[in-house]
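Listed after this line are the structures, all set down as structure tokens.
Note that chain A is present in both complexes that follow, paired respectively with chain B and with chain C.
Here is the complex of A and B:
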């Protein structure tokens, strides 16, 4: 596994303090209120966490993706909704970081790093999830830029966003070519509807957006027309790593809560920890957490080295970590018995939150399809 | 104004294990900054940051060569110190307070031009509350303990002390030593930029010879350190049932009307 550098260990330790001293007390309330916790966002911004994986030229700190992912995982132990703040910022800014011009980087990244502006990733549509080729949102070229029209769904943190990284199809001589654009979220022709009432991940608002012939200048285009799929895949890979890390946080939180409870809860005169059925569940959680960490590091290795099999390795991490988190949270509720079914104990929240990660960023079925395609190429053709 | 804050490197007590014979196992236990000194560092940093143009914070620790820990020094630098001095010498292993105070005093003289020295209330390992007092005595400068606030007006330091039943306001002239109570300032959570720049700050590694310090002889010898036997619990309740709660109330009542009365 990747060994964090000294400063990276210190950053992770700092995040641990933020979690223990600040977020732990707010996590249940964030879930209960289901409102974006601006106060916690401000803390993360003040601590510099939005600049972790950003380039130094724009005021970021350029730590390893591994360090960034471990910070996401630690935040998720307290509140996956808070961890998703880093996920949304990173996936939203990925296109600018990776394919943007120097002017775009210098214009947008410093404000995103400082927490002064929030950017969201707007790709999913009612009939297109991870399939960028099926998008129906259009960007019609004009004399000075483009006019963007269409609907987006399930856009994380949309209601608090200042900017969107929007994916749309550009008609070039009758051929539809995907492209990415930076759009001002406060434009009056951008209509953001109320956030969905979700099973879990409360506090991380997910909204539909309608782009009602939104005019953008030509310098809003990121990369080139036709590069949209490439840009989206890179951002999605970064995002899936963050989702896997968030799931790892839930697995670790489930393990910690369950081990503590199992040691204190006594039945038939002994801690329930001593019963094999319980202790084996805890052992499985530990194995899952360690394996998740390893797969995340493997995915990051593929991501930063632009490996040919990056999609497969990132998908593997996302599938394994989210399935493991769901299993760990389910077992955590089981170990807690009736108490686990009540909001008094956090495992009830872990159970609801964990489900999301088997769906977000592309369902686990799609991820397995990606992996299976690679298996066929390698062994069956 | 040059402000020097003293910190001690101690074993992380969370990681210390107990052997079967009740002795303590320090193997692989990391060193950390003594928790009370984190309060002192924060108090000193806030004082310096109130007038950053005219004030400068220097951090100093002395100890054996096991304190050679780059993370610890970066941790201190990230908290506002502009440079860190480490006096490392195995002659300082298990040093007594008066020996440590001699080494700190010699280091202060070596660094030179220090106007104000800030110490913690005590150390997390021996908690003797003596460092500031002995340091002031050796240096022949005013020393004040139980400090909960201080401000500077020229060369005068206006100090607030918290005593058992009163708050005392006094003034001392620089140079002086202040030992601050932990309540004065809660340690900050360092920001990423502080952490990333900490490693670029100067660190000065010195020995006792470098600071021309000859340690006085030790005055006592530690024969044995053991964990005390835990006090047996008088009664343990497992269940929050009505019956269990009634038993609990009865036991508390019995205790309060007999032993605890």
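Here is the complex of A and C:
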């Protein structure tokens, strides 16, 4: 596994303090209120966490993606909704970081890093999830730029966004070519609807958006027309690493809460920890957390080295970590017994939040398809 | 204005302490942090520097293992650090550490010397008062406030049942009590910049101290072993009607607790 550098350990230690001192006390409230916690966002921004894995040229700190992912995981131990702030910023800014011009980088990244502007990733549509080719949002070329029209669904943090990284099809001589654009979220022709009422991840608002013939200048295009799928896949890989890390945070939180509870809860004159049925569940959570960490580091290794099999390795991390988190949270509720079913204990929240990660960023079924396709290729079937 | 802060690294105060068979604290694998009381002092020193200009120097007697605590202080805003590392030093002996710190501080000539009033681990509260005594400068312990007025410091000295405001001519030494200043969280930028700040490592020869004065043989007090506090036994609830319960409680206080 990747060994953090000295300064990276210090960053993680700082995040740990912020989690313990500030976020831990707010986590249940964030869940209950289901409103974007701007106060916590401001703390993360002030601490510089949006600049972690961003380039130094634009004011970022260029720490390893591994360090960034471990910060995401630590935040998720307290509140996955808070951890997702880093996920949304990273997946939203990935296109600019990776395919943007120097001018685009210098215009947008410093503000995103400073937390002055929030960017969201607007790809999913009512009838197009992980299938970039079937997007129906269109970008019609004009004399000075493009006119974007269409509907987007499930856009994380949309109602607080300042910018969107929007994926749309450009008609080039009758052929539809996907492309990515930077769109001002405050444009009056961008209509953001109220956030969905979700099972979990409260405090991370997910909204539908309607682009009603939104005019953008030609410099809003990121990369080239036709590069949209490539740009989306790169961002999705970064995003899936963050989602895997968030799931790891839930696994760790489930383990910590369950171990503590099991040691204190006495039945038949002994801590329930002593019962094999309980202690084996705890051992499995520990194995899952360690394995999740290893797979996340493997996915990051593939991602930063642009490995040929990056999609498969990122998919593997995302699938394993989210399945493991769901199992860990389920067992955490089980270990807590009746108390686990009540909001008084945080495992009830972990249980609801964990489910999201088997769906978000592409369902675990589509991730397994990606992996299975690689298996078929490997054996030339 | 130059402010020196004496910093120690300790086992995380939240950690579960374990002892080996000889009654010594197991440090292997324990989470280590900057001592919380020293951290209050660092924060106050950095605030004074931010308000009045000057420099904050961290001074530590220890080994390379203590560098994380030093780096933490640098990330909070201290400017540079001095680490005295020498195999001849008995770092468990407050007198030895006081002699070393005094020698370093004599050379540095700070206006203000600060540190924790005690450390969160051994809690002897010995080292810094001894430094002041060796240097022949005034010291106020347990401070919860510090303001500067020219060459004078106005400090709040915590007492058992109140606070005493003391005026002290500088240079002077102050030891921090909780409440002096709320330590900041260093930002990512602070942490990255702390990498560039110098840690000057010196041995005893470099500061002109005779090893025999700071080695194990110089210790007049030796901690033989540690023991954990016995676990508290659960309380007892006396049930029944109030007059009966009161009578029974009084009886128990007399016969079992033997406090009546």
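Criterion: the second predicted complex is superposed on the first by the 380 of 381 C-alpha atoms of A that agree within 3 Å, B and C clash if a C-alpha of one lies under 4 Å from a C-alpha of the other, contacts with A are read in each partner's own complex, and residues count from 1 in each chain.
Basically, a residue touches a chain if its C-beta (ideal position, glycine included) is under 8 Å from a C-beta of that chain, and two chains touch if they have at least 3 such contacts.
Since the model is a prediction, treat every value here as computed from it, not as a measurement.
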Clash-or-fit label for the pair chain B, chain C on chain A: clash
Touched partner set for A:362, first chain B, second chain C, both or neither: neither
Chain B versus chain C as contact partner of A:200, first or second or both or neither: neither
Contacts of A:178 with chain B and chain C, given as first, second, both or neither: neither
Which superposed partner A:115 touches (first chain B, second chain C, both, neither): neither
Touching partner for A:346 - first (chain B), second (chain C), both, neither: neither
Chain B versus chain C as contact partner of A:150, first or second or both or neither: neither
Partner chain in contact with A:266 - chain B first, chain C second, else both or neither: first
Touched partner set for A:46, first chain B, second chain C, both or neither: both
Where chain A meets both chain C and chain B, residue numbers: 6-7, 9-11, 14, 17-18, 46-49, 51-52, 61
Contact set on chain A toward chain B in their complex: 6-7, 9-11, 14, 17-18, 21, 46-49, 51-52, 61, 266
List of chain C residues in touch with chain A within their complex: 67-68, 71-72, 75, 185-189, 191-192, 194-195
Contact footprint of chain C on chain A as seen in their complex: 6-7, 9-11, 13-14, 17-18, 46-49, 51-52, 61, 63
Interfacial residue positions of chain B with respect to chain A in the complex: 70-71, 74-75, 78, 189-193, 195-196, 198-199, 238-239
